[in-house]
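The two complexes that follow have chain A in common; it is paired with chain B in the first and with chain C in the second.
Entry: the complex of A and B
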């Protein structure tokens, strides 16, 4: 039973940053923006969270700084890809490089360290004890006492699903990606919708980044996003952006993370357990490709 | 490179350097001193230029790997992983085989190319058989290669040097090492030959023509009778081989062994160079040299001016963004000017 609880906790911790970034990616996916800058946005968020928390001594300020940091990348994306009409793929690649370079440079400039920065003055995000849930035997240990951001991510799924499927904004958002010309003919500028989607993506990636540096650790390390933005992108592509699907698939990736941690306890080298989320992504891609090719061959028989 | 492209490239670099200068000014440093140090320490004299060109070898080869793939269709973002597998292959062969240098060096190069091609080929097979997007597969394979090689050389790992205090493999045999001719490392010669060969195949042969057509319009290539699937495979293998060779040459000309973080500095540089060069092979070589000069000058710049060498990473990213944006924007601007000129009533007509 201990093992299962540990596994579930590891799953939630592993899934949270990917889920938040992937929800952000869902907005840009629906808006028809090929946004591959989530990796850089997570990294910028993680750095700014550690920075804000260190200087203010408050994790709330840290989270706000993380949002501001990731949003600044969104603004750059908007400037280059939407205003100046630079290729979106190129903009994304350049912004990821920019985030990696800028965080490394600032780490050196502001804190005078290379590699990683950790300090007791960095205030981590607290855990949240939920009064009634905590009393449930066993399940209470998973449902209650998680990091604030884990609950934040769960809430974000609900809010995103509502925004995308139940509001006029969501309708315009989906129209911007599905058929921008008809959206434009109804008097809404697709570019504005895309800008809004990128800003929302920045906010969500900022939250995900803050979880990386202030969640279970209190440090910032170079390249600490470690491909999570890419895994988030894969998740978005796999479920065509649907927030419920995103939640489900990132939990699967989180489970792989948790299994990795578990295997580490069984003396499997850390390098192999570290491969778990990437292998899980490959397997998910494989399953998706199989399903799609079967669907295609099915329809061709009908036709 | 025609005039307009050259103008856009120079304008982009000038603009990016001005942005960098602005950052330095805000921090209270003198941009002129910093840039002068960068130039002096990268191409100031023949010795430094030789080091810059040697450092350009992995940048140019990974850049060519990305450019070749992007210009032919496949989105191969797996240069970091293919680079590591090439370096690993050279290390494995280099510590187990010992032949005279004229045999050993070609053998190691083949091993490097094969290592990279194998890793890219895995992605190509997954794409071909299961229709899995090579874009994400190559990215995931990067992380897996990184962790796998880290495990091999970790202290006490299967490929670790006995008694070493840091994660590293044993050294490769001395006959497999690339020395210098004068001040220039032999890997430069290899890189130059490979670059010319790739350019020739891409621009002057029938397969190269088919790849270019497929890169511009895959449907047209298919309808025109090009074996699109086979070409996809060949381009992926070739692209992987180039990245693998970059890793192999680095081991053969530098540390002579696999050390932790050997590919870290080149992780995204290949894709970055391909992106600024707009996947043109000639421009890839030029930008590779340019970025190598920046990176080589950076360390000396830190000693002379106390500006952290990491400044160059920011500068590089700014150069990529600004020069790509200015390339697009300049062509829009020029089109608009041409239109205005044409729409103006001509005085001859009445």
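Entry: the complex of A and C
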């Protein structure tokens, strides 16, 4: 039983940053922006969160700094890809490389350390005890006492689904991706919708990054986003941006992450356990492609 | 000008000069004068057609009115106030809306979602007010008698229905002037009367309708007044009731046109194209061609009629080798080409593709490069030197084509896209005719061409027939089929449902077969 609870806790912790980044990616996906900069945004968020929390001694300031850090990359993306109309793919690659370089450089300049920076002055995000849920025998140990950002991510799924499917903004957002010319002829500038989507993506990636350095662990390490932004991208493409689908896929990813940690306890080399999330992504892609090709051949029988 | 059309319902207030375009001049760099001092007034509650050849300036005029282009000189008066629209939004806010030639809708959205996009009703909490949105759209549908379901996904609608959605979108925004750019170009013959009935209902409700068209019959049937443009200048504005097709044509081109192609009875030649029992499925496994059999004899033009998407596209692809038939066979001049490569087929087929910019030509290549395509492999003149392209010879070849087909161009190395649509088509047609193949496959050869170029292309086709070529002509223009062909085959859902001598059928019958196949033709003709 302990193992299962540990696994579920590991799953939620593993899923949270990917989920937040993928929700951000869902907005840009619907808006028709080929945004691959989630990886860099997560990393910038994680760095700025540690920085803010270290200097202010407040995790709230840390989170705000994380949002600001990720947003600055969003603004760069907007400046290049939307205003100057550079290629989105190249812009995204450049921003990811820039984020990796800049955080490494600043880590050495500001803190004089290589690899990882940890300090007791970094204040982590608190865990939240939910009064009634905590009483439930086994489920209480999973549902209550999680990091604030885990609840934040769950709430974000609801808010994003609501924004995308229930509001005029959502109708315009999806229109920008489906057929920008149609949106334009309806009197809405697609560029504005895309800018909004990228800003929302920055905020969500900032939250995800903050969880990496102030929730998952309490340190900043070079390249600590470790491909989560790319997995988020894969999740978004896999489910065509649907927030509920994104939540499901990232939970599967989190489960693989948890299994990896569990296997580490069983003396499986860390190099192998570390592969688990990426293997899970490949398997998900495989299953999805199979299901899609089956659905296609199925529909032709009807016709 | 200023004469009173008699159709106006008496209860409507008369607002004689509702919109006035005054001395509009528009020049595109470097020195193409698209509009030259054009003045027109549109009255409230009239249907006003703007006609002219391609390049006469009708689309430019509408775009100036709509705010997409800024005129160099001249002014737009709405009532007696001078206005200048800076965007489509400005125009719509002032009550002027445009239904574009290419329909701009989102197939993934339902009808009502498409209609309200950009002007959505909101609830108190800022969410989309679905009930109010649907209700408002339904109200417009009812008010103007559009037969359409607000919850239908637009991707599943016919082109005619999508056009209605575009119109609804403008009505939802309460425009009083609707501009329609070639509204009937995408419709089948039986859908046109329905659109016209709807436009008349809009007029009865006091809306002003401006429409651009090539089809003089339609213009005469629908409009109250007609403005004719030629080369950027207004020729005249005339009441539809007091003019005729030939008069309009003369005003448009400045000379008399022959509208009936001469069809001399020909002795039947031998069979050139023989298609037997061809079946084809697309990549999704959907059956697109079912048991298609067809023959075309030398000196004969066979027309294929059909609503777009009923297998014409696939038939063309299977004939030229872009797709392969699942069953059946294709013979040309006795050669079995069922499994032949495209290059092998092109030894026997001259082919004018429907899509000038994608399949028939490379718009970014030069005129000469486009002119020698296919010739560079199959024409003796070029095929001798296999590894080297003789551009000087290509230039000479292009020059010969320019003379023979009267192409208006400056130099052979000029980019193809710089030519007008009519001249592009002349180059393509010229290239294919100079191949001198026994079989000629023409897919919508006059689509998008102006009256003069259309007539030129049709003359060329008739000449080819007289020279003994076998011609298969796919066209969505029924009048074209009736004026040129010896036989008409109708495609419906991938099958040929009728194959009759042109002289023994008529437009209504073919139209009915196109829409309902042959068996149900007595059912109804909506």
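In this text, the second predicted complex is superposed on the first by the 297 of 303 C-alpha atoms of A that agree within 3 Å, B and C clash if a C-alpha of one lies under 4 Å from a C-alpha of the other, contacts with A are read in each partner's own complex, and residues count from 1 in each chain.
Here is the rule we go by: contacts are C-beta pairs under 8 Å (C-beta built on N, C-alpha and C of every residue); 3 or more make two chains touch, one makes a residue touch a chain.
Only a predicted model underlies this, so the values are computations on that prediction, with no experimental measurement involved.
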Q: Return first, second, both or neither, reflecting whether A:102 touches chain B, chain C, both chains, or no partner chain.
A: first
Q. Given the touch rule stated above, what does A:121 touch, chain B (first), chain C (second), both, or neither?
A. neither
**Q.** Winner by number of chain A residues touched, once chain B and chain C are compared
**A.** B
Q. Between chain B (first) and chain C (second), which does A:136 come into contact with in this model arrangement: first, second, both, or neither?
A. neither
Q.
Tell me the contact category for A:167 with respect to chain B and chain C: first, second, both or neither.
A. second
(Q) With both complexes overlaid on chain A, does A:281 touch chain B (first), chain C (second), both or neither? (A) first
Q: Could you pull out which chain B residues touch chain A in their complex?
A: 27, 126, 130-133, 136-137, 139-140, 142-144, 147-148, 150-151, 154, 268, 271-272, 275, 308, 310-311, 313-318, 320-321, 324-325, 328-329, 332
(Q) Could you list, by residue number, the parts of chain C that touch chain A in their complex? (A) 87-89, 92, 100, 104-109, 113-114, 116-120, 122, 126-128, 169, 284-287
**Q.** Parts of chain A lying in touch with chain B, wherever the complex brings them together
**A.** 76, 80, 84-87, 90-91, 93-98, 100-102, 104-105, 107-109, 226-227, 230, 233-234, 237, 269, 271-272, 274-275, 278-279, 281-282, 285-286, 289-290, 292-293
Q: Name, in rising order, each residue of chain A that touches chain C in their complex.
A: 162, 166-168, 170-172, 174-175, 178-179, 181-188, 296-297, 299-301, 303
